[in-house]
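Read through the structures below before going on.
You will see chain A twice below: alongside chain B first, and alongside chain C after that.
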Partner chain A sequence: MEINTHRFTETAKKELKNEYSRVFLDIFRQHFPVLRKKAMASFPNPDKALEKSAAIRADVVARLPELLNQFEKNAIRNGAKVFRAKDAKAANEFIVNLAKQRGVTYVTKGKSMVTEEIGLNQALEENGIKAFESDLGEFITQLLDRPPFHIVGPAMNIPVEEISDIFQKKAGMKDPTLDPVELGQAARVYLRNKFHHVEMGITGVNMAVAETGTIINVENEGNIRMSKSSPKTQVSVMTLEKVVENMADALHLVRVLCRSCTGQKLSAYVSMDSGPKKENEIDGPEELFIVIVDNGRWNFYDDSQSREALKCIRCGTCLNICPVYTKVGGYPYGWAYSGPMGQVLTPLLLGLDRTKDLYHACTQCGACSEVCPGGIDHPKMLHEFRIRQTRIRPRISFKKNDIIDFFEFALWEKMVVHPSLWKLGVTMSRSATRQKNAVRMLKKTNGPVKNWTQSRTMPQIARKTFHERWNELRDKK
Partner chain B sequence: MIKKFIEEVILQTGQVHQVQDYSTAGEILAQIAADHQLKSMVASTDEVIRPLKIMEWANKKGIEVKTADNFKDRASFKDYAFGQADAGITGVNYGISESGTLCLVHDINQPRLASIAPLFHIAILTADRLVPEYEQAVENIYTGSSTPPSQVSFITGPSMTGDIKAQSFKGMHGPKHLIIILIE
Partner chain C sequence: MKTISMFIPCLADLFLPRIGEATVTLLRRLGLDPIYHDAQTCCGQPAISSGHMDSAVKAAKHFIQIFEHDEIIICPSGSCVHTVKHQYPDLLKKEPEWAHRARRVGAKTYELSQFLVDILGTKDVGASFSGSAVYHESCKNLRRLGISDQPRKLIDAVKNTELLPLKEADVCCGFGGEFSIRFPDISEAIVAQKVQHFINSEADILVLSEPGCLLNVDGYLQRHHPEKKAMHLAELLSHTE
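Now for the complex of A and B:
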């Protein structure tokens, strides 16, 4: 999919004016934490449950190469075919070739963030193979050609009027309706025919169990079960960090995932595949391909700070409580992943230079790391990215912004570390900051630091600073 | 455990009919079919459903029931499951009380589409198959066997979605109604 991470500020400004999204996000922000908390309370000890899931994920990331090999070996023993794709291109080529060899004209897809990441739909379409997203939210965003608004509910922000229009235009719906249930029904009818005759189904993977070679999908709609039952060929795409050691760990993560993600004890369907169907079974895939996508992850695996990002289980909780995401929504993040989880993962996959806004769009409040089932410390990682980005910037540069930065910060640095210069600065600016309309004037300034002054209130400098008073008191004695 | 299981199923809008034996189960099944005008069904042939003697039952009640072995291939089975069957009726390997979940092990006798393609899923469960947590079911299924089943499904309530305006409703792609007949 198109990468727009460099347009964060621009898109965020636009989205802040989108009244429909605003209303939705406001309700969502208030409603979701309550729902989640209630669901987590069904654990005997919610804190312990989160600690346990974080421990499981930490162990997975520490032993990733070993667990992945074990998973691969057991999946092959079960009769699956495993393909390790180094990058998006390799993964897409493999799947496109498979579709061509099997002579399929279309595929049905279960929601999968990794296929968004690698741009699989586009690769298929370029080769004349139609890809039908079958998760209702993904189906809507696909018809509208929009990026996902949320990693769990990709179309939750789309007004029903717009869905009604696009369903009439592109999904064979006859009469307009604003009722979500009727809209869902129209999508059901349209996609049912696709499921019925589909020859190849493509799904993501929530967990891959090393000990048994089993892949697990968690869903509510049944579209993934359809895509794994009806066609002769099943392709399941996973990123390498999806692996877990054993079934017990997987079950605990599923419990935490469902509660964190949608506030459910368990999603309607959890399906676990160990290889293709057995010969005598009438449905299920005759062949099961598991594509394990790297796409840059091994590159940062050796860096112990960056690899933390691989602990994510894609529950979406960090989005739902983030003060930035719940204002700007998912579009500004500019790629498959949004919110705090996207802010830590995207810069590692795309590079620090073109994702600068992502790791700066954080208030360091820490709400995300408090609820993260993977135990990721997002603010710490984003802070680290900022440090790294400063370090990689050349010391001498003649770009306009860099020159301005140099003078501002070099001067500022000189001033704050020299007591006499500091005192001089305080004396000079005191009266200015105590003017009645100082704040307003400062906000209007178009100087080089306008990004800073526009959004902050300048504190008044006291009539007498602590130092000055201290000196006075000492003199009196 | 039974009480907890039933409570959880009802929370997900599932229905539970408690009966004493298979013959009463047959009567309840006939009642359900009549209430919802279910005229054709695709059935599994697993060991839980077998004592129901569903073919005899179907002949008596004048309802069309087909099982996987009535079809010559995948395509014709799919045509029936997607195109004709009003309901799918299956046995259940384990009922899990922790979340009111049905665990189905798919094999030659438990085709996958029976519990996902039709609008109604009617599940037959015996009380001795109830376990408190997922772990017991999964351990029984996966340990000790060198070839794990091709697919295992956990089913908790009917198919659902909340993708439009976060408003949730049942029956998105799979069954809209989940009805469990629990034989004690």
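Now for the complex of A and C:
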């Protein structure tokens, strides 16, 4: 999919003017945490449950190579074929070739963020193979040709009128309707036909259990199960961090995932598949392929700080409580992943250069890390990226922002250790901020003053700072 | 009389000196002897949060040298306390001797409300203010220092003040230091929401315990709702009628 991470500010500006999204997100932000908390309260000890899931994920990440090998071995023993894809290209080529070899003209898909990451749909289309998204949200965004708005609810921001229109235009719905049940029915009818004849299904993976070689999918619509069980050929695509050691760990994660994700104790469907259909079984795919996608993850695995990002279980709860995401929605993040989890993962996959806004667009409030089932400290990671970015930048650079940055802190670090210089700086800045013409000019020039005063009054350095007042206060006892 | 060293954040020193004055008034009323090291500048938080760690190291060492001989250090800002307590040791980890000194300073540095309630064991500081108040939970106070009950107890004990609930009190105000000037539009949307909840609460004042948040919220109020007032917890606690 197209990468637009460098357009963060511009897209955010546009999205802030989208009144429909703004109203929706405000309601969402106020209601979701209540739902989540209520669901978490059904654990005997919610804090312990979260600690446990974080411990499971930490262990997985620490032993990732070993657990992946174990999963691969057991999946193969179950009759699955495993392909390790180094990058997006390798994964797409493998799946496209498979489709070609099987002679299929189309595939059905379950919602999968990794296939968004690698741009699988586009690769299939380029080879004349149509991909039908079968998750209702993905189905809508696919018809509208929009990127996902949220990693769990990709179309949750789309007004029902727009869904009705697009269903009439592209999904064979005859009469306009705003009734969600009728709209759901229309999508169902359209997709049922595809499922009926489907030869190849492609889905994501929520968990891959190392001890048993089992793949677990969590969903609410039944489309993934349909996509996994109807076709002859099933392809499950996963990123390498999806592995979990054993079934007990996986089930704990499923319980935390559902509560964090949708505020449910358990989703409507949880399917577990260990290999293709066996001889004595009546349903299931005849062949199962598991594609394990690296796409840059091993590159940062050895770095103990970066690998923290791999603890994510894609529940989306960090998006739902992020003050920034819940104002701008998912589009500004410019790729498959949005909100704090995207801000943490995307720079590692795409590099720090073209994702600069992602690791700066954080107030460091910490609401995300507080609820993360993976135990990721997102603000800390984003901060680490800021540090790395200032380190990789050459000490001498002629870009305007770099020059400002350099002087700002080169000067600042001198002042901060020399109280007399600090005081001199304060006196000089005070008279500068009281030059009305200069301030007026700064308010019009792109820069910090203009940005601050866009919605706030300009703070003035006090006529007497506390330093200066202290001289009088000290003696007043 | 117990001597208390005041660490007044640079934002308060420069832009909101009334926070420092209120802290002095409050401490003296409690029979304590506040002292202030004239050589203090900035704890280094702006350099840290924008990733300029080499500059921040210099600020940290300066801070440690100035404060390490004090018995108790208090600060009317949770984020600055977080910097000293939690970020200095990490910042100085390559120099174990400095990291050790950082931890020692950190161990005796307290956020104002934390010091009053947890260390002094007091709730009623003898303040009075006629009106209703809501409390905004500043992020570093709440999530990095676990401070939430302390300021509420203190506000609750102020004579004639009624503490009202604030919707989404624990959601960020949109300041975030460099965030507010890097992403002014998003920051504005977030602070506007905070202010709307404040207005809807019908409280007379919005109380918070972080100079950065105050600069942000108050700046927005002055521009859009000049009749509404936000104040630092120290100001409320120093107030008498």
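Everything that follows uses one rule, which is that the second predicted complex is superposed on the first by the 410 of 477 C-alpha atoms of A that agree within 3 Å, B and C clash if a C-alpha of one lies under 4 Å from a C-alpha of the other, contacts with A are read in each partner's own complex, and residues count from 1 in each chain.
Criterion: contacts are C-beta pairs under 8 Å (C-beta built on N, C-alpha and C of every residue); 3 or more make two chains touch, one makes a residue touch a chain.
This is a predicted model, so every value here is computed, not measured.
In the overlay built on the shared chain, the residue A:24 is in contact with chain B alone; chain C does not reach it. Looking at the shared chain after the overlay, A:327 reaches chain C, while chain B stays out of its contact range.
Of the two partner chains placed around the shared chain by superposition, neither chain B nor chain C is touched by A:177.
In the superposition on chain A, contact is made by A:466 with chain C only, not with chain B.
Touch criterion met: A:272 reaches chain B, while chain C stays clear of it. Contacts of A:212 after superposition on the shared chain: chain B is touched, whereas chain C is not.
Contacts of A:220 after superposition on the shared chain: chain B is touched, whereas chain C is not. When the shared chain is aligned, no partner comes close enough to touch A:168: not chain B, not chain C. In the superposition on chain A, the residues of chain A contacted by chain B and by chain C do not overlap at all.
Of all residues in chain B, only 8, 12, 68, 71, 73-74, 77-79, 81-83, 98-99, 101, 106-108, 111-113, 116-117, 134-135, 138-139, 142, 147-167, 169, 171-175 touch chain A in the complex they form.
Within the complex, the chain C residues that touch chain A are 8, 12-17, 19-21, 24, 28, 36, 38-42, 44, 46-55, 58-59, 61-62, 139-140, 143-144, 167-168, 170-172, 174-193, 215-216, 219-220, 222-224. If you check the complex, the residues on chain A that touch chain B are 24, 28, 31, 78, 134-137, 140, 153-156, 158, 160, 163, 180-181, 183-184, 187-188, 191-192, 195-197, 212-214, 220-223, 225-226, 228-230, 232, 247-248, 251, 254, 262, 264-278, 280-284.
Residue ranges of chain A in contact with chain C, taken from their complex: 9, 12-13, 16, 22, 26, 29-30, 323-324, 327-328, 360-367, 369-370, 383, 385-391, 405, 409-410, 412-413, 415-417, 419, 422, 426, 448, 451-452, 454-462, 464-467, 469-470, 473-474, 477.
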